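Structures incoming, each one as C-alpha cells.
Here come two complexes built around subunit A, the first alongside subunit B, the second alongside subunit C.
Moving on to the complex of A and B:
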C-alpha cells in the first residue's frame, strides 16, 4: 500500500518511524510493505513512486528542519504529483476553519483515496460532509488518533462493541487538564499546577484551548458524530473549563473521598464538557496525563478504558491501528 | 447462521435473550437471523432445524427447570442430531478435566463447526490442542467470555492492538476478590467481607476457587496462551490468593495512598497471581466487583480497560461480540 504523509511534525515523524518498525509485521500479514511515496511539511515536499526511506526522512527533517528540497505553494498539486492509495493527514490542526488539513482530506476523498487522520479540526468542523464524501466515493475515513491518542475508543466501539446499544460515553479527553487536576489533588493551587504543566511541555504557552475545555469539546463532537450518529458541531457543546476550580473545591471533594475531573459527556440528550466529582476507585478517577473514557451500553454495562492521550509514538500507534484496518479491508 | 447452545444455565439463557434482543441488528448487518436450532442443559435437550423461539426456551427452562422434554445420556449424539454452524458452549466449567464442555468443543471442532465459548476449564487445560484442532479444520474458536466477562480483552488485543508488541498484561481478573479487597479498604476484616460477598451472591459457599487465586490463574493461562503464543497450564502459574491479607497490611497500604489488589500477570518471564500494592488513581485501583487489565505495549504504552467480569447479560455480551466476529468472517 502506498501512503502519502501530509504533515511531518512530531506525529508525522512518529508515523514514519512506526511504519519502519512494523515492516516485518506488514510483510507477514499482507505479504507487502507500506511504501511512503510522498511526504510534505508546511513548506517543502519529497516524492518517490518507488518508496522513500522512512527513517531517512526523519533524519533529513531533524537535520535541516525540512523534509524535502522542493518547496510548494499548492498542497493539492503536490498530492496529485504522485500515485498513492492512502493519505495520512497529520498536519497541524485548525479548529476555526479546518485549515489545510481539511482541504487535503477533502481532496484525497474526492480522488477516491482512503484517509487516516489525527487532525481534530476538520473532523470537528465538517464531520457529516467528510463522512458523506467518503461513503459516496467508497473510501475509508479513519480517525482513531483524533480522540485520546493511543487509547482505542472509536475502533473499540466499532469493532468490539458493535452489537451493543451505547447509551453514553463520559471521558477524560484532555491529558493537560487531568495533569493539572491531579496536581491540585495533592494540594497545589491551579496557577502553580498549570505552570508546572507548561514547564513539562504538557501545556502550551497559551493554555486556553486545554483549560477552557475547547480541546475536550472537539473530541466530544467527534465521538457524538461517529458513535451516536449525531450531526453536531462545537457550538452545540456546553463547555465549562477548569480555570474556576478552587483549592477549596478540591479539598471538599477529597473529604468525601472524591476527586474533580474534567469530563466530556455524550449521551442521548447531553453534549457537555464540565468538571465533575468522581469517586476515588472509579475508572474515571485516573491521575496524571492519562485519558480515560467510560462507555455505558445496554448489555455490557459500563466499560472503561484509559491510555496515553498524546505523544509521538502513542499517536502514531492510533494511525497504525487505522492503517491495519484499511489494509484488512483491502485484503478482503 | 444456525447455532446450538450447550448449557442453559444463567449464561445460556442470557445468550438466548441477547440473540432475541439483537434480531433487528443481525437482519440489518447480515440480512439474516441467528437461528437457535438446538439447546441442551445437563439432562434434557430440544432441537428444531427450523429454529426455536429464544424467549420461549427461557420461559420453559424457568417454569420447568428443564429446557427440553427429551432426556439424553450422550451429549455428542445430541449435537449430531441437528445441522448447525456454530456451537455456543456455555455449560458449567470443570477446571480439573475440562468435563463435558471440553468434549463438546472438541467434537464440534472435529465436525468443522465454529465454536464460541465462555467455558474456562477446557481452555485453561487444553488450549494448544483446541487451537490446533480449530486451525486444522479451518474453524473459528472464540472465547472472549472466558476472561473478564463483558470487558473486552482478547478481542481488544487481537483487533485494535494487533500491530503492537504486547510486553505484559496485568489484571484484576476476579470480581469476588476485588469486592472483598474493596470492602477491606473501608475497614472490614477479611472474614466479614467474604461473608458479605457470599450473602450478595458474589462468592460461592466454598469460596476457595476465587480467594485462593485459582480462578484468576485460569484466566492468566488463557491470556498467556492466546495473546503471548505460550503453551502453559495452571501448574505453570505461581499463585498466591488473598486469604493471608491482614487489616494491618491494608492500613499500611492506605497510609501510603495505595490499595492492595489481586493481580494476575503475564509477561515474558512472568506467570503469576498475587496481591500487589497499587497506587490510588492507577487504572488498576478500581473498586467493587469490576475486572480490569492493563496492557503494556511498545507503541501505545499502557492501555487499561475495566468492566463487569460476570453477570448473565454481561457474559452474554461477550458471546455476542464473538458471534459477530464469526459472522463477519463468514460474510467475507
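Moving on to the complex of A and C:
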C-alpha cells in the first residue's frame, strides 16, 4: 500500500518510524510493505513513486528542520503529484476552520483515496460531510488517533462492542488538563502546574485549547458523531474548562476522598465537558497525562479503559491500527 | 413504604419464621433480615428486618399481628432510599448565600440530608463551598443539578458536580 503523509511534525515522524519498525509485520500479514511515496511538512515536500526511506525522512527533518528540498504553496497540487492509496493526515489541527488538514482530507476523499487521520479539527467541524463523502466514494475514513491517542476507544466500540447499546461514555480526554489537576492534587497552584506542563511539552505556549476544554470538546463531538450516530458540532457541547479550579477546591475535594478531573461526557441527551468530582479509586481518578474512559453499555455494563492520550509513538500506534484496518478492509 | 424494624422474639423453634410470616400476611415484601443470636435479652433474640408495605394502614395491621404473637417491637422506622451527590461551588460567595441557595433548592427537591463545608478566602477573594446532598428521588438529582448550574451561571461561580 502506498501512503502519503501530510504533516511531518512529532506525529508524522512517529508514523514513519512505526512503519519502518513494523516492516516485517506487514510483509508477513500482507506479503507487502507500506510504501511512503510522499511526505509534506508546512513548507516543503518530497515524493518518490518507488518509495521513500522512512528513517531517512526522519533524519533529514531532524537535521534540516524540513522534510524536503522542494517548497510549495498549494498542498493539493503536491498531493496530486504522486499516486498513492491512503492519505495519512497528521498536520496541526485547526479547531476554527479545520485548516489545511480539512482541505487535504476532502481532496483525498474526492480523489477516492482512503484517509487515516489524527487531526481533530476537521472531524469536529465537518464530521457528517466527511463521512458522507467517504461513503459516496467508497473510501475508508479512519480516525482512532483523534481521541485519546493510544487508548483504543473508537475501534473498541466499533468492533468489540458492536452488538451493545452504548448508553454513555465519560472520560478524561485531555492529558494536559489531567497533568495540571494531578499536580494541583499534590499542592501546586494552577499557574505553576501549567508552567511545568508547558516546560515538559505537554501544553502549548497558548494553552487555552486545553485548559478551557475545547480540545476535550472536539473529542466529545467525534465520539458523539461516530459512536452515537449524532450530527453535532463544537457549538452543541456545554464546555467548562479548569481555569476556575482553585487550590482550596482541590483541598475540599481531598477532604472527602475525591479528586477533580476534567470529564468529557457523551450520552443520548448529554454533550458536556466540565470539571467533575471523582472518588479516589474510581477508574476516572487516574493521574498524570493518562487518559481514561468509562463506557456504559446495556449488556456488558461499565467497561473502563485507560492509556496514554498523546505522544509521538502512542499516537502513531493509533495510526498503525487504522492502517491495518484499512489494509484488512481492502483485503490486501 | 420501606420500613426497618428491630424485633425481639422468643428463642424457641418456629418463632423466627412465625415473626416473619405476618409480613407476607399484609402483602409486604421482605428486603433483608439480620438474625443476631448473640444478642439475647430475657430469653429473646434480636431480629432486624427491613421490608416494604403498601401504606401505614397495612403497617398498623402488621404491628397488631406481631403484638398478638408475642413479638416485641423494639423500634420501627420508615426508611428511604437516598441518592447522594456532591457539589463544589467556587467564587465570590458567603456561607449565608449558600445556605439561602440550598433552602431554595430544598423547596424544589426532597432533600434527605445536607452537609456544607467552606474554605477560607483565597488571594482573589474567592471561596469554595462543598455541598454534600442526599435526595429521596433519582429525578431530584437532575433538578438539583439544573438549579445549581443556573445559580452558578448567574452568580459567576464555577460549578463542579460529582459523577
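We take it that the second predicted complex is superposed on the first by the 331 of 332 C-alpha atoms of A that agree within 3 Å, B and C clash if a C-alpha of one lies under 4 Å from a C-alpha of the other, contacts with A are read in each partner's own complex, and residues count from 1 in each chain.
By our rule, a residue touches a chain if its C-beta (ideal position, glycine included) is under 8 Å from a C-beta of that chain, and two chains touch if they have at least 3 such contacts.
The model shown is predicted, which means the values in this text are computed figures rather than measured ones.
Within the superposed three-chain model, A:170 lies in touch with subunit C and out of touch with subunit B [touch as defined at top].
When the two structures are aligned on the shared chain, A:38 is found in touch with neither subunit B nor subunit C. In the overlay built on the shared chain, the residue A:7 is in contact with neither subunit B nor subunit C.
Once chain A of one complex is fitted onto chain A of the other, the partner contacts of A:282 extend to both subunit B and subunit C.
Of the two partner chains, neither subunit B nor subunit C is touched by A:264.
In the overlay built on the shared chain, the residue A:209 is in contact with neither subunit B nor subunit C. Of the two partner chains, subunit B is the only one that A:324 touches; subunit C does not reach it.
For subunit A, the partner with contacts to more residues, out of subunit B and subunit C, is B. When both complexes are aligned on chain A by C-alpha atoms, subunit A residues 282 touch subunit B in the first and subunit C in the second.
Subunit B makes touch with subunit A in their complex at residues 18, 21-22, 25, 150-152, 155-156, 159-164, 182, 185, 259, 280-283, 285-288, 290, 292, 297, 299-308, 311, 313-314, 316-318, 320-321, 323-324, 332.
Subunit C makes touch with subunit A in their complex at residues 86-88, 90-91, 117, 119-120, 122, 126-128, 130, 132, 158-163. Put simply, subunit A touches subunit C in their complex at residues 170, 240, 244-249, 251-253, 255-256, 258, 260, 263, 274-279, 282, 284.
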